[in-house]
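Quick notes on the structure that follows.
As written, the chains take the letters A, B, C and D, and residue 1 is the first residue of each chain.
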Amino acid sequence: MPWTRDQIAARAARELRDGFYVNLGIGIPTLVSNFVPEGMDVTLQSENGMLGVGPFPFENQVDPDIINAGKQAVTEAKDTSYFSSADSFAMIRGGHIDLSILGAMEVSETGDLANWMIPGKMVKGMGGAMDLVAGVKRVIVVMEHVSKDGASKLLDTCSLPLTGQRVVDMAITELGLFAIDKKGNGGVTLLELAEGVTVEEVKAKTRAKLTIGAAVKVA
Amino acid sequence: MATDMANKVYKDAKSALDGLLREGMTIMAGGFGLCGIPENLIVALRDSGVGNLTCISNNAGVDDAGLGLLLVTRQIKRMISSYVGENKTFSQQFLAGELEIEFNPQGTLAERIRAGGAGIPAFFTRTGVGTKVAEGKEVREFDGDKFVMETGLVAEVALVKAWRGDAAGNLVYRKSARNFNPMMATAGKITVAEVEELVPVGSLDPDHIHTPGIYVKRIIEGPSYEKRIEQRTVRKA
Amino acid sequence: MPWTRDQIAARAARELRDGFYVNLGIGIPTLVSNFVPEGMDVTLQSENGMLGVGPFPFENQVDPDIINAGKQAVTEAKDTSYFSSADSFAMIRGGHIDLSILGAMEVSETGDLANWMIPGKMVKGMGGAMDLVAGVKRVIVVMEHVSKDGASKLLDTCSLPLTGQRVVDMAITELGLFAIDKKGNGGVTLLELAEGVTVEEVKAKTRAKLTIGAAVKVA
Amino acid sequence: MATDMANKVYKDAKSALDGLLREGMTIMAGGFGLCGIPENLIVALRDSGVGNLTCISNNAGVDDAGLGLLLVTRQIKRMISSYVGENKTFSQQFLAGELEIEFNPQGTLAERIRAGGAGIPAFFTRTGVGTKVAEGKEVREFDGDKFVMETGLVAEVALVKAWRGDAAGNLVYRKSARNFNPMMATAGKITVAEVEELVPVGSLDPDHIHTPGIYVKRIIEGPSYEKRIEQRTVRKA
């Protein structure tokens, strides 16, 4: 069985470390906050200008002045601070955020990321994604392995306009976990396989230079 | 223009914009989504009927709130934004070729505005290198990494929203409603602020003031605030 | 009688306007704050990070955390705000300060200013002077007309290393008030003469292209 | 390095610097004159004996306080400052050729540090155009005016002083003691903060925090503060 959205998020959460400052994108990335290990100190940043983002509010806690970058109502953590969006992106661009987890349309074997526009369709804008992937220390993409029309999203070269070049360190899909060689000649290494998924399925659904990690049991 | 304290306070949004508006001008408007937007000033801007505006704002509001109000009336010719996904009117006018858009990465937009207010005509950032954003711009290496040159942004008028303010123009923002407001306050040739509460001069702690009064030329206390929430995400008790 | 230091400061104070935000340098410029007309609203900025600088404290008011850019103990005004030095110079560089009044070693007829170093002598540093003259809307120099060894400080060209090029709008000395053509071909125009000072004395002590303003009575 | 909250608090200045120091390193120290300087951390740095330091600080203290302490012990090889006029030891060592100095205009220094912390490798400013400061640097025109390119500054360790702080590293400065501390907190690879009062997490208002905890890796409550005033200018009652 391929991983569910929750299982992908749970796997991504295992990349968190005590003391990390993390920025989570919208969608599956948001779910990662549900899987932070008990007792681990992880601080969430929201790029509109908030450090220390708590869970969604109870109905009586909703405050229109407390929203995250997805424009969702959220709450404060115990150590929250607010700052301007300029200061927020100074934090991001300056390399102070340990990890960003975000979604993607395409990821290439050299770590190129496309997640903001499809030529010919209405473009909504890149928001803070370009700043995040360029500035954060480590970038993990969580996404479905193939698009709705069956095309691989893990490619040798992105076909869509880029969000960032050589920026993705790791991709987690329903099929498994992949390390990406963004600094060298490129290449995707399958490090973990979802229970019940075969290496053959991964190979069939991946259009990138793929290596099977030593720890992966070839069924 | 007189900038002494007594003269900074205006009675309402309409009078606060009096004499500042002209066709084809560039206006900045604070806020992120509908959070921290200058609600009353935007309505007054809409009611003024001034058109062909270039608006610098992170988003374009929704169809019936924020800058969306100015899209419905077709007062905006061009937007400089980072994300406009919440607005259907925007899509229609854009696809019909009636509206221009310049997308900026959010952090680049924020920094361009900060630079504009700080007298910095250009700076380098790694954001957007190797993407469409860098096309036509200077790309330069520093210490082996590539950076793209971006320019400062200013506006003829900046409209900002704060929580509290005083007659000297000092502003304090509340929580994540701060967002783009502080930089825009510095980057407007004339900055007009609206606040939820106008408090006596001297009642704001000098260490808590986010925008020093020097940046604010006119200030009003808004009669009311809708403060709509776009995504009312709640937990079950 | 040439103007005293206080008279120079008082004359400079007449250049203030209601609502102005002003940065004053050390020495005679500091005295200007004693001559702000009653009822006029002038806000003083100090470049270390303070807007709304009040007078020196009474003994029991001294607070080591409230100092001006001259490292002098000062007090708060009714509308004071504090900010970082980066934000302070953003304010200065961004053209938000209406007027800067500062001292000088030399001023040229094109508005060049030298006030920070003498080659061969120990250099203390330029502090915020270069930022102020480059960023503030209008710059007035208050200084003695000649140096201790009798050399004119109002020159065709500065001999000392510059603090700024084409930055000074006006100079006020013990002999009078001079407008400086910093934008065009240069030139110093005597607009006001101190009581009892002759145009001849000004001419003798000035090494710049000098015009006598129409309003100045030639004795 | 662990950065979780509990581990950010150190018992004293000496332990807070433990493992961070090495000969020839670059250190930033906050403060303007003697106002807002990290008094206790500077003493601990002096006591460590580490030498050949490059110090980035607006001033160099006085002979017996602030960075002056490190000049007396000849631990500083090079200063990047804007004004060092208050220090006689400095003059002597400089004139003897024992000390290097790079003068920066104060605003350029402040902005270079801000840029360093904000991931901006270079920016343009009009400050210093046509002066020695611009020599050897790129000068470029924007809109008909000339600007000089300045680069971002970072340090291996930044030492800052705040009024209050908490175990998460959040800092609040007091009055004009803020000065260079906030930018330096962002520009240190490792930032160590000392505060007059360490308060419980949650007791600082999120809207009043000047330096978010992310920037502070280690924090101590200083045992005492001299807070010397350089110019004790008083009025007669």
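The criterion applied here is as follows: a residue touches a chain if its C-beta (ideal position, glycine included) is under 8 Å from a C-beta of that chain, and two chains touch if they have at least 3 such contacts.
Since the structure is predicted, the reported quantities are computational estimates derived from the model, not experimental observations.
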{"item": "Chain pair with more C-beta contacts, C-D versus A-D", "value": "C-D"}
{"item": "Farthest chain relative to chain C (centres taken as mean CA coordinates)", "value": "A"}
{"item": "Mean-CA-position distance for chain C and chain A (Å)", "value": "55"}
{"item": "Distance between chain centroids, defined by C-alpha means - chain A, chain D (Å)", "value": "35"}
{"item": "Chain centre separation in whole Å, for chain D relative to chain C (CA means)", "value": "29"}
{"item": "Distance between chain centroids, defined by C-alpha means - chain B, chain D (Å)", "value": "32"}
{"item": "In chain A, residues with contacts to at least two other chains", "value": "76, 82-83, 89-90, 92-93, 135"}
{"item": "For chain D, residues contacting two or more additional chains", "value": "111, 114, 118-120, 125-126, 173-175, 178, 206-207"}
{"item": "Full enumeration of touching chain pairs", "value": "A-B, A-D, B-C, B-D, C-D"}
{"item": "Touching residues on chain A, where the partner in the complex is chain B", "value": "46-50, 55-59, 62-74, 76, 82-86, 88-90, 92-93, 112, 122-131, 134-135, 161-166"}
{"item": "Contact footprint of chain B on chain D as seen in their complex", "value": "111, 115, 118-126, 140, 142-143, 145, 147, 151, 172-175, 178, 206-208"}
{"item": "Complex interface listing, chain D residues touching chain C", "value": "32-36, 58, 81-86, 91, 94-95, 101, 103, 105-108, 110-111, 113-114, 125-133, 163, 173-183, 210, 227-237"}
{"item": "Residues of chain A touching chain D in the complex", "value": "18-21, 41, 43, 45, 51-52, 76, 78-83, 89-97, 135"}
{"item": "Chain C-facing residues of chain B, complex", "value": "2-7, 114, 116-120, 166, 168, 170, 186, 201-202, 204, 206-207, 209, 212-215"}
